[in-house]
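What follows is a group of structures, each given as structure tokens.
What follows is a pair of complexes built around chain A, which joins chain B in one and chain C in the other.
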Partner chain A sequence: MTGDSLKHRILMVSDFFYPNFGGVENHIYYLSQCLLKLGHKVVVVTHAYGSRSGVRYMTSGLKVYYVPWKPFVMQNTLPTIYGLLPIIRTILIRERITVVHGHQAFSTFCHEALMHARTMGYKVVFTDHSLYGFSDVGSIHMNKVLQFTLADVSQAICVSHTSKENTVLRSGLPPEKVFVVPNAVDTAIFKPAVDRPSRSEIVIVVISRLVYRKGVDLLVEVIPEVCRLHPNVRFIIGGDGPKRVRLEEMREKHSLQDRVEMLGAVQHVQVRYVLISGHIFLNSSLTEAFCIAILEAASCGLLTVSTRVGGVPEVLPDEMIVLAEPDPGDMVHAIQKAIAMLPKIDPQAMHNRMRELYNWHDVAKRTEIVYDRALKCSNQNLLERLSRYLFCGAWAGKLFCLVMIVGFLLWQLLELWQPADDIEEVPDFSLPRNCDEEMLEKKPLK
Partner chain B sequence: MLDFSLFRMVIFSISNARYTYVHDQKYSSEDVDIHHIVSRSGSAKYVFVYATALLVLACALYLYVLKETSISLVYYSLLFDIFIVKLLLGKPVKKESVVIMPAFGVQLETHYVSGKVIRCFVPIDKILKPVLVECVTPVTCYWTLSLIIRGESEMVLVFKKLRPPVKMLVHVWKALCAATGSKEETFTHAE
Partner chain C sequence: MDPSLANISSPIRPRWRKVAYGGMQPGYDDNHTDESFLEGMVMNASVVKRDMLKVMLDSVSISEYLCIVALVVLVWTRTLTSTIDENSLLFIDVSLLVSGFLILLFTQEMLSLSLLLHYFLNISFFITVLYVLAPIYQTLTRSISSDSIWAVAASLVVLHLFLHDYSESTVKAPGALKSPALTSCISVNASIVASVFVASRLPSRLHVFAIMLFSLQVFLFAPLVTYCIKKYSFRLHLCFSISLMVTTLSFVYMLHRLLFVLLLSLLVFVNVVCPYWLIRIQEYKFEINGPWDEAKLCFDITD
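Presenting the complex of A and B:
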């Protein structure tokens, strides 16, 4: 069955990758690992993180290029429009790439790399991981950039139907080109506790970055009210951020130091331990395209209470989640309903259900279908492609066309200066099956 | 330092547009192994740089003679030309050699067009492993052959000035592995 299908050579491009931890980073890593298992070749390109620069290999021979361009704001590389053309061209030729897959609309590296890949005629797939607004200045500009990138993309992927609607509206992309492939969770790591915490005291867990969009202001209203109504409820809050001060103030004001525990930043490896110490997971985000956090919580056997925003209603079945409007009163009501539902919850059954519903191998297979479809798109020459850019707007369309024409000319210049034949192709190394085990054996674990 | 310019026997040679790789032995004995990378750098680059320099000087002279600007412009353009030539052309390298003396050491030589030779000797027991590494710069990515030295944090580049293609580097790498007794593993780790 798999012998018939085409094996792709995929280049994942984003500003966000290991050693950073986050939704996009984990998505790229897990997707790459599963695609490698399916027999495809995957290479990741990102900017250098501090002294981590050059070529590194991760598990299963995942090759990562840390290109030494310095990030300038919020992990994004300085946008120079054509600066990345030489290195991206070199990598595309030496690794014999067939599909370029960019991640996250807020990554300048991704947009530039996709533009150069299109100029050189490669098939391009883009995955959007977040929801964005339409009205503020930052969003307007970013949506214009997104319109430019997506004007000529082969296929696009969104993580939920809500996200698809949002992306299609922001970018003007025809909906037929957008696939919905949800994120998944590593159920092997997120397992319920062997011994359930006792129900004499109900523990509600919150793990998120403490920023405005994660609804910390809602928490500040909800927590004192719940503590007042239910004397046996305790809160554990993991995570750090600019809004942490507000939560500390709330603790002081209502004397909740023994009822609300603040853990500070939680390492990704510790997340499971924090989750299994609780019964209920509370998510108060104001906007969310998908929300992997509630998947992790459900996989650990916690009942979830969440705000009904973005793609959250699409994620979990009704018996595993209680939804509320992003309003303090409604959320308190939802928490009360969840506490009443607790006796009927079986964590192991929840975990098993999550294992069936979400797994990364399924995501990889669906992404493979998107790549197959992308490769079937027709090859168009520069003039045909330019007509698509003209639809982006009266002034913007002409500007984008100019940018693409200059890019094309620079590419031709580069072809003369450094012909493609001069760039040697890298042979594919096959890692011996047990090479990781050998290395672990040699180094004694402390 | 020994001079290996007599009694060459060429065992193997590969060529491309920019470099020629020659593997030869002295006195047809199997002990001493020499690998050369000879630069065949085309004259195109020199022609381009000198032509640009001449153009700049010509413009300055034109401005001085016909438009009556001051002579200092000609001097500045001359300085600029010298700076540009030094920057872009540097010191041209004729060839780089690796002399492998088993059980003794490895000598790395850089021969310049001007006749100058810079040599660097590495004793055999200081070499932990010869490795082929991919180097990434902001604009390109290329292969280098390096030696990991015991007790040092920096690796020693075998070919310091030239960037030969990996199919030439592989032969030198295999010879170095044989001489230092390292196993030829088919992939490179970083740390």
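Presenting the complex of A and C:
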């Protein structure tokens, strides 16, 4: 049955990967692992992180190319339109790739690599992980770049339905080309506590980067009010950022030092320990395409209170989340409702339900369907594709066409200078399923 | 055909729900686009529909300020060519001061004696300091050639006009909290520096004092005076602006024909062409709002 379906050779491209931790990084890692288990071949390409440069292998033989380009701002590589063409071409030929999968609109590496992949005729899939606006200068530029990349993409994936609407409006893609495949959570790691924390004192956990768009200003208004109304409520705040100062000032002003605990930056491995010490998880983001933090909290058996923004209403069923408008009064009301709902919540039942609702293997299977669909797209040569770029705008369309033509010429030059036959192809090898266990058996423990 | 058999052969698929959990929805592909797609999108929610006449009347305040600055430059050129001597300049200063005061008196609702005294004290302090510092301005640019002075002064005046806050948000009633924007600070500074440069070319101390007082009076207080007139009565504002424009145009005509043509075309451009252009391109405005927008905080962040 595994021999029937086509096996793909996928190249994941993004600026954001391990050793960085975040939504996009985790998504790429888990998706790659599950695709490997389904029998496909996955290779990841990203920029070098500090001294971590070259080829590394991760669990299950996931090969990662850390291309020696240094990031220049916010983990993005310097955009040099054609600079990445040689290395991407070499990797694509060496690994005999069939599908290139780029992640995150904010990653310059991704945009460039997708452009080169299209020039060389590979099928391209793009996943968008964030929501963007339309009116400020940064968003306008980002949307134009996205229009360029998505003008010629084979298929696109978004992580929620709201994100699909946003991406379709920003890029002008036909909605049938956009698939909605959500993120998932590793429920094996995020298990509820064996002994539940006692209900005499209700603990509300907040874990996020303390920046404006995560709604820290809302927290500053909400926490003193909740502490005033419920004397038995305690807060634990994990995470660091520019807005931490405001929270500490709020603590001082209302003398809440014993009721609000600030943990600072929390390592990714420690997140579960922080979560299981609480009963309620509070998320006050002002904008969120999907919000994996809520899934992690629900998997650990916490009841979630969140602002009704972006894709959050789609993420959890109503019995596991209480939604509020991004207004302090409404949020206090929602927290009170959650406290009243607490006695009926069984963390283990919630965890079991999450295991049914979200599963990385399911995400991988749905992504596989997208790849199958992408491969069915017709092969078009340069001239046919150029007409798609002309729709991007009166001036921009012609500029994009010029960029693609120069890219095509550079590619032909590379083909002459470094012919594809000269590039050595990597032989396939697959790690046996239980190779780790065999090694442990062979080595006697002293 | 038996209806029950028909039901078995084509099962009704459950309704599509806008949720991300639960895996693939049975009967629907992942790229299924429902009728409720883009349901929450709102277009052009906060776009103001503009009327040509109103925009033209609003642009009168811009041309009023342009004429004021043109008059100041005119006085500068006349003084530099010694057409106006220092006594007539001082006379102009005093009359401007008195008329400005009178306008403020008549248009402000609060007419308390203490406020008047406060204004009077500030003005006298300002004049005294200017008189004391006049010798410094006189010798300031002695080593710089005249050409550089005219070039710098001209570019500073242009910069001042570009960055000036025409919406008059810097002119505040006592007690307003809003601090002026960076560009309006730069524009005020540019105008003051231009006045100092021009004043430093004059022969005697009294000349310097008179021209500095005149320039600073106009640049610093003209926005306040025009704001008070506009607030008091729109018709008065309109009459004042039109008479100002006519006066300026006639003076400039007497000075130089080409400058007159330039000023006239600039006024026509600002008053007629720009409003028409604005309304023409307004129809291309496409503002999109929806559930994907970042939430706006309804309270002010007080640090």
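As a working rule, the second predicted complex is superposed on the first by the 431 of 446 C-alpha atoms of A that agree within 3 Å, B and C clash if a C-alpha of one lies under 4 Å from a C-alpha of the other, contacts with A are read in each partner's own complex, and residues count from 1 in each chain.
To be clear about the criterion, a contact is a pair of C-beta atoms (placed from the backbone, for glycine too) under 8 Å apart; a residue touches a chain by one contact, two chains touch by 3 or more.
On a predicted model such as this, the values are computed, not experimentally measured, just so you know.
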| item | value |
| --- | --- |
| First (chain B), second (chain C), both or neither touched by A:Glu261 | neither |
| Chain C versus chain B, contacts on chain A by residue | C |
| Chain B versus chain C as contact partner of A:Pro328, first or second or both or neither | second |
| Touching partner for A:Thr90 - first (chain B), second (chain C), both, neither | first |
| Which of chain B and chain C A:Glu424 touches, first, second, both or neither | first |
| Partner chain in contact with A:Tyr358 - chain B first, chain C second, else both or neither | second |
| Contacts of A:Lys177 with chain B and chain C, given as first, second, both or neither | second |
| First (chain B), second (chain C), both or neither touched by A:Thr307 | second |
| Sites on chain A touched by chain B in the complex | 53-57, 61, 65-69, 83, 86-87, 90-91, 94, 418, 422, 424, 426, 429-431 |
| Complex interface listing, chain B residues touching chain A | 17, 133-141, 143, 165-167, 186-187, 189-190 |
| Residues of chain A touching chain C in the complex | 131, 133-135, 159-163, 165-166, 168-169, 175-182, 213, 215, 217-218, 221, 246, 286-287, 290, 307, 309-311, 314-317, 326-328, 356-359, 362, 366, 369-370 |
| Contact footprint of chain A on chain C as seen in their complex | 18-24, 29-31, 33, 37-38, 40-41, 287-288, 290-295, 297-299, 301, 303 |
